[in-house]
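First the structure, in the form of structure tokens, and then the observations on it.
Each chain gets a letter, A, B, C and D, in the order it is written, and its residues are counted from 1.
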Amino acid sequence: MVGADIFAPNSLTGSLTGFFAQTSWLIPCYPMLGAAFSIFWSPALIRRSGPRPVGYLNLLMTVVALTHSSLAFVAMWHQPPQFLQLSWLQVADLNLTLPLELSALTLGASVVVTVLNLLVQVYAIGYLEMDWGWGRLYSLLALFEAGLTALVLCDSLFFSYILLEILTLGTYLIVGFWFNQSLVVTGARDAFLTKRIGDLILLMGVLALYPLAGTWNFSELALWAETVPANDAIAPLTLSLIGVALVWGPVSKCAQFPLHLWLDEAMEGPLPTTILRNSVVVATGAWVLVKLAPVILLSPVATGMVVVIGSVSALGGSLIAAAQIDIKRVMSYLASAYMGLIFVAVGSAQPETALMLVLTHAIATALLLMAVGSLILNVVTQDLTQMGGLWSRRPITGLSFLVGIAGLVALPPFGGFWALLNLLNDLVDSGQWWLVAVVMVTNAVAGFALMRMFGLAFAGKVTPSTTRAAEPLWLMVLPMVAMAGFTLHLPLVMKQAELLPNNLSLVSPMAIGLLASSALGLGVAIAFYILERITRPEKLLPPLLNRLLAYDFYTPKVYQFTVIALVDKLSQLTDWLDIYVVDGLVNLVGSVSLFGGESLKYINTGRMQFYVFVMAAVSLALGLYMSLYFLPKLPV
Amino acid sequence: MLSPLIWFPIAGALLMACLPAKLNTAQVRGVALAISGAVVLWTIGLFTQFDLSLAGFQMREFMPWLPMLGLNYDVAVDGLSLMMIALNSLLTWIAIYSSAKTTARPRFFYSLILLVSGGVAGAFLAQNLLLFFLLFEIELVPFYLLISIWGGTKREYAATKFLLYTAIAGILIFAAFVGTVWLGGTLDFSYEQALSAQLPISAQVVLLSILLVGFGIKIPLIPFHTWLPDTYVSASPPIAILLGGVLAKLGTYGIFRFGLGLFPEAWSLISPFLAVWAAASVMYGAITAIAQKDIKRMVAYSSIGHMGYVMLGGAAFTELSIVGAISQMVSHGLILALLFHLVGVVETKVGTRQLDQLNGLMNPLRGLPMMSALLVLSGMASAGIPGLVGFITEFLVFQGSYSVFPIQTLLCVVGTGLTAVYFVILINRTCFGKLDNERAYYDKVTGNERAPALVLAALVVVLGLQPNWLVHWSETTSRSLVAAVPMAQDVRIALQADLGRLD
Amino acid sequence: MPSIVDIAVQTEGFSTLVAAVQAAGLVEVLATGGPFTVFAPTDDAFAKLPPGTVQTLVDNPPQLARILKFHVVAGCWKKDDLMTQHELNSLESSPIPIRVSPIFEVKNATVLAADIEADNGIIHVIDNVILMG
Amino acid sequence: MITTADKQATTSLPPSNHEFAEVVHRLEAGGSMLPDNPENLKQIIGIYKAYAVPMDFYWRDLLYIAEHVFLNPLPAFKYFISEKYLNRPNAYAGDNADLRIWRGEADAHPELREFMAQGERKRKLPRLFHHLWHDRVNMEFAEACMLAMFWHEDINPTFNAYLETDEYRANSDRAIRAYFKGNPVMLGLYKLFPDMFLEQVRRLSYYANLGLFWEVMAPVFFEMSDLYDEGKMTTVPEAMDFLVNGIFAVAGRPIYHHVYIDGECYEIIPKSQGFTWLYEAALPYVEAVFYRTAPFRGTKSYNAQAGQVPADQKDFHYGILYADVFPVGSAGIPPTLLMQDMLHFLPDYLIELYQQHGRGEDDMLVQLGITFQRSMYNVTSAVIQALRTALLYPLDDSNLDHLRANRAFFEQQMDRFKRPEARLRDIQSQNYR
């Protein structure tokens, strides 16, 4: 294993690099520092010069964070995980210390996060060169970077919850970046509330778990989970409830059905943030889910739910993606779909495979979105039907696009293939054939959706929007190409990181089946959209189905007529009650005035006494009610 | 050490009253600021002197007054009082700072505020039931004036409503106190006397219930809350800050000090009622807030909900939940004050509080960018986003209460979700969106309007990141409070015996 | 019979046009090529243009040529032939709108003298320099 | 000399019943869309001057990029314009100008040089520092204007047609090969994807196009400012007429694209193509930048299903004549870059004016943005009057049909401002600041 020799010769650990590992808790601090300094470039403070220095500053901080995590990663390579404890709050019997897990895995994850952030921030310099909001954008990007690195390092459910909540707020603010635009505003709102719902259900789980397990540390939770089946002290119902609660946080983070809509609406945000969101931010949910897997797997109900939600999201997401005309939304629903596959992996007890999928998906998605951005920036539309014939003039973007597809869909030898193959093999071993089918179909449909997107944009006839299209600024092309490089080399990295089980071979039936499913999806799309031999499927499909997919199964409507309507009506009701009934009961006079609308003076009217009387009566009544049981027996 | 907290502001109030009339508002305001500033400094000094290890009261000051009535000047401080005192001193200063430089009849205005501040401080320190009651009643009239003279639309109506409700509350509280002392068989209203009084549980329950209703009106808990929206909305921002930030705390303080403190057995007995009551308040406040179209009213309703968390913590009376509840009083005070201040600024600049007319204030040049940013911050703090003080206090309450009242606690968690809903509505409509070209010629925000907001925001963030500085002061006090409360089942046994004796 | 150029040179009041044609290097074409129909602006027509206009054009022959070509149409178009025509395609390739009645107008110019015959075409004298667009 | 201002609209036409009848009549009277009053005059002249200084950088740098940076794959320093181009004599200023429009000097404007040297920090620091400190001219804005002209493919037919010819292809091929001489990688790439490079060159041709356009406008605005300071320009119509005359004077200016590769000149678009300033630069520029451009991402959603962005380029109306200036300074509002550029060079009398209104210092960007909007309505008026002069009839024409034609033309121009977002209504009043 050559890699091992290159990385971290044991002599080094404990020395300088060891020091970097010990100080890994600094990694999230660098970006936070950058974010803090960004305040000095808020529009209120700078008048005569522009906000761009913020960008460069945060870029620098990201470089520092990246360097540190890489050094720490090297130090921890092939080392047993170490744990750091940072005491935060000690009150009464509650002792909140932040445990950090320093292992090749967590530090490797933080390297991935920082690398992506670096590229995205460079990309943003190009993509948002016309934008004046750099201060907010970069400080928020830094916030995300800090949150993500902290999340991967932290080993505590409680602090993970805290970080997820903060990232929820971050999502609200970063989606609301262009707050002058109406859809941005609603999008930010829905993203925030949807994620918050998940967070709070998770919080319920967090609250409920502690009294039972007595810890929030993932590692200790895992140990506790092993002991649970032994003692039947805990009712399975409780376990199921807790498991279910814990699952809903990730469900909302990963934009899984039925909480998937926010990701679509979040597409209103600036594209560089989309890159980050779809590649790593949604993956935070998956990460936490993986960490919680031991607890969730305790309850068949919760596990079943994970698998079902995952499968539905995978199938539904990929199908919807295949029908979108908005290029960014294709990507958003594919993110839901792949997160769905990750859910399936966790639900079928394959945390390693899940993480592998997270990695391959993150890299490939980031690349695809960078390509998408470089497209929409100078065709001035996101509407696929208005694109076409870009290949000859936009080959770099086109190639990156293809590489991205190869990295995401199961095409050997690229990353996605091995991850999915892993998943399938285990599913077959455990005989869950219907899940095998889910994965196969999802893979095929996703392949179709991606190739369709490519075909519509790059093949076909030139349209007015694409008549004039040159490759954009180098600041966007460069990160894109770098990303393509990563995607191409990912398999090697995975091999070196020993993520690829040795038993994987290309001649196994599963491998061939998987390859076939990809080939099917891609082939059909090529036939439809590149060779254009057959009429477009939207003409073949029944219009109803077509609309159903294009409009995302009308989920917005569903929300509107269920949850939103409920809360709205309920609040209207209580408001009415409050004004006319409660206030009316507690003071009739008040109610009279409120009906009459004009204010009234109690003083020097005879009503006063009556009013006092009512007040007293009501108070007395409640007093009685509360001591009803004892009243007859008063010792007086 | 303690008396100055009471008498300095009151003396200041008198001083203000006899300031030469030729002084303009700004100068009068300056004087008031100086006085309350001094109080704040004194409070900080108090913190340095406070001994964390002592469970009971400290720095006691005693002076006979009307012994035959059992009324004595008897003040002391413990963790609970300390927090309340700090809140009172700070928010008084903030309120004066946030008052407009153009306030009419300034000397009267500021002297009233100082008077109130002194009275409230006394109430928080009083070791004598009668003394507490007197000081509790003292602030009633000044507030009536502050609302009815300097308030907004419908101020007489609101002021009167406030007056009547508080009066009723006073009556009930007084009744309960007298009852306690009388049943205790003495004429001494001193707190420890009341503590030592051995009352039959049934009597305790009745007294406690009356007390709860009395203070419940003050907090307020549903269904006694309807005075609150009207009052808070009609009151000018500084007064709203005092009402929501400090006065409401008199209610919860009273419940903890006299309810939980004097009738522990009864408390443990009816705590399930309280928990339900608290959860109901939380849900009710949050849901009603969602329907509001006036941002000040929305914030007012949010206050109802948040006081519910305090009640929940009290009802659960675990050490953690009590610490949480006390800290929640402080954090709610800070956040609410910040919100009311910002709403006030928005109203003065934009000239409306209606959600459907506000928009785009986040715009850096023509909007109110910093105020919007802080509005987002305070809204999120109130919605319990981690990293801000609102979260950790609520979390402590939840964590402390869950083991005792799981269902009610989870309901309150849902409540925080709904809180997020209406604050997002508020922020979206107010800060986001595009500016209306017809109206967007607002004046710029002055440093005087910024400063108090920044101070509060800083506290909200710092205490959110480093909650130790908030929670530790009340830890020992809570421990002793909880220690006094026996387990519910023991109480029931005792109760059976007690009732049996009656039959 | 004299060529278009000869007529322009001999006739009074076309000195600017002639100078322009020379500057643009179109003499050869207009003298020998054809047949053309030329809408010839008078010196007054050129004078109507704001100061510097003509100068800049004369300094830049290709651009000048382009403007002049807009005044030239392939073939012989007498007034009577134009009765049915609403527009002609100029050598510059953009179309020239034509109205014959009530008065003979070429775009926003009025024809002062129509149907002057040359051996390689027709000249219509106009009172405005016409411009594309 | 055209002096429409002092002419009276003939009364023989019935009054127009167009929504903007008032404006139409003003135009027929030789006026501007912008009401004629001293404050408007002060505002527009002041902003012309503040606009001309950065414009003096824009055109020089655009030409520098088009002619020297050319196809540099990593043009990190494309805004670091060479001394040569700073000294490049403007063809319409200085002693040996082709046509002297501005009486000032032909090289870079002194205020521009000072700003480039010291920035707003008023400290002599390395250029790189000023650049990174964002204390510089926002060249991105100029490029955005260029891209607008480039992307709207239907507004410059003759020029675009030439970009597709084999001649153009051959010209650029020679230049590309020369530029990448001894660079096998890029030459290899060129072999693989010739169209990619060709498209880049096309974009560079538009760099040159816009550069040559603005080279004219800068001195025009400088001269107007000087005339105003000398008290020789006293009404808004006068300002407009000066622009009309300017447009005619340089209408025949050649538009071309030359590239200089180690000293040798490659004519990608030779002057001999006969492309003129008016037809191939000015009119497309007005259409692309004043009227159309593309929706700012901070104000419109690009979501295909939301349908906020029209499918047809003709329906784009997001230019300065339509833009909402109030959000300037916040995210996703590109004009902020231009406003910032002008902020550095405001004449004192404008600063004074802005101090008296709104938030003074604090919302100056918005105030000057609205001033800029007013001034651009005046420029558009000049274009409309120029077209009327070129294609239609004098305002005092005796022929009623001709006057009707003029009226129809004006009304048809005004129709474009019927859209709700058009600012023509607002600029009629001084309360719009």
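One rule holds in what follows: a contact is a pair of C-beta atoms (placed from the backbone, for glycine too) under 8 Å apart; a residue touches a chain by one contact, two chains touch by 3 or more.
Computed from a prediction, not measured in an experiment: that's the story for all the values here.
Participant: Show which chains lie in contact with chain B and also with chain C.
Facilitator: In this structure, the chains that contact chain C and also chain B are D.
Participant: By the contact definition above, name the pair with the higher C-beta contact count: A-D or B-D.
Facilitator: The comparison resolves to A-D.
Participant: Which chain is in the middle, if each chain's centre is the mean of its C-alpha atoms?
Facilitator: A
Participant: Distance-wise, how many Å sit between the C-alpha centres of chain A and chain D, to the nearest whole number?
Facilitator: So the centre of chain A lies 44 Å away from the centre of chain D.
Participant: Any idea how many Å lie between the Cα centroids of chain B and chain D?
Facilitator: Chain B and chain D have C-alpha centres separated by 60 Å.
Participant: Averaging over Cα atoms per chain, report the distance between chain A and chain C in Å.
Facilitator: So the centroids are 71 Å from each other.
Participant: As a quick test, compute the distance in whole Å between the mean CA positions of chain A and chain B.
Facilitator: Taking the average C-alpha coordinate of chain A and of chain B, the gap between them is 38 Å.
Participant: Give me the residue numbers in chain A that touch at least two other chains, ranges are fine.
Facilitator: 43, 179-182, 184
Participant: Going through chain B residue by residue, note those that touch at least 2 other chains and give them in order.
Facilitator: Residues 360, 362-365, 434-435 of chain B each touch two or more of the other chains.
Participant: At least two partner chains per residue is the criterion; list those residues in chain C.
Facilitator: Not one residue in chain C touches at least two other chains.
Participant: Which of the chains touch, listed as pairs?
Facilitator: A-B, A-D, B-D, C-D
Participant: For the complex, which residues does chain D have touching chain A?
Facilitator: 73-76, 119-121, 132-136, 138, 140-141, 144, 147, 150-151, 153-154, 192-193, 195-196, 198-200, 202-203, 294, 297-306, 308-309, 311-313, 327, 329-334, 336-337, 340, 343-344, 361, 364
Participant: Hey, which residues of chain D end up touching chain C in the complex?
Facilitator: Contact set of chain D toward chain C: 1-2, 98-99, 244-245, 248-254, 271-276, 279, 283, 387, 390-393, 402.
Participant: Can you check the complex and tell me which residues of chain C touch chain D?
Facilitator: Its residues touching chain D are 49-53, 55-57, 59-60, 62-67, 107-108, 131-133.
Participant: If you look only at chain A, which of its residues touch chain B in the complex?
Facilitator: Touching chain B: residues 42-44, 89-94, 161-163, 165-166, 168-169, 172-173, 176, 179-182, 184-186, 188-189, 192-193, 196-197, 200, 203-204, 207-208, 210-211, 567-568, 570-572, 574-575, 578, 582-583, 585-587, 590, 593, 599-603, 611-612, 615-616, 618-619, 622-623, 626-627, 630-631, 633-636 of chain A.
Participant: Touching residues of chain D toward chain B in the complex: what are they?
Facilitator: Residue list for chain D touching chain B: 299, 324, 326-330, 358-359, 362-363, 365-366, 426, 432-433.
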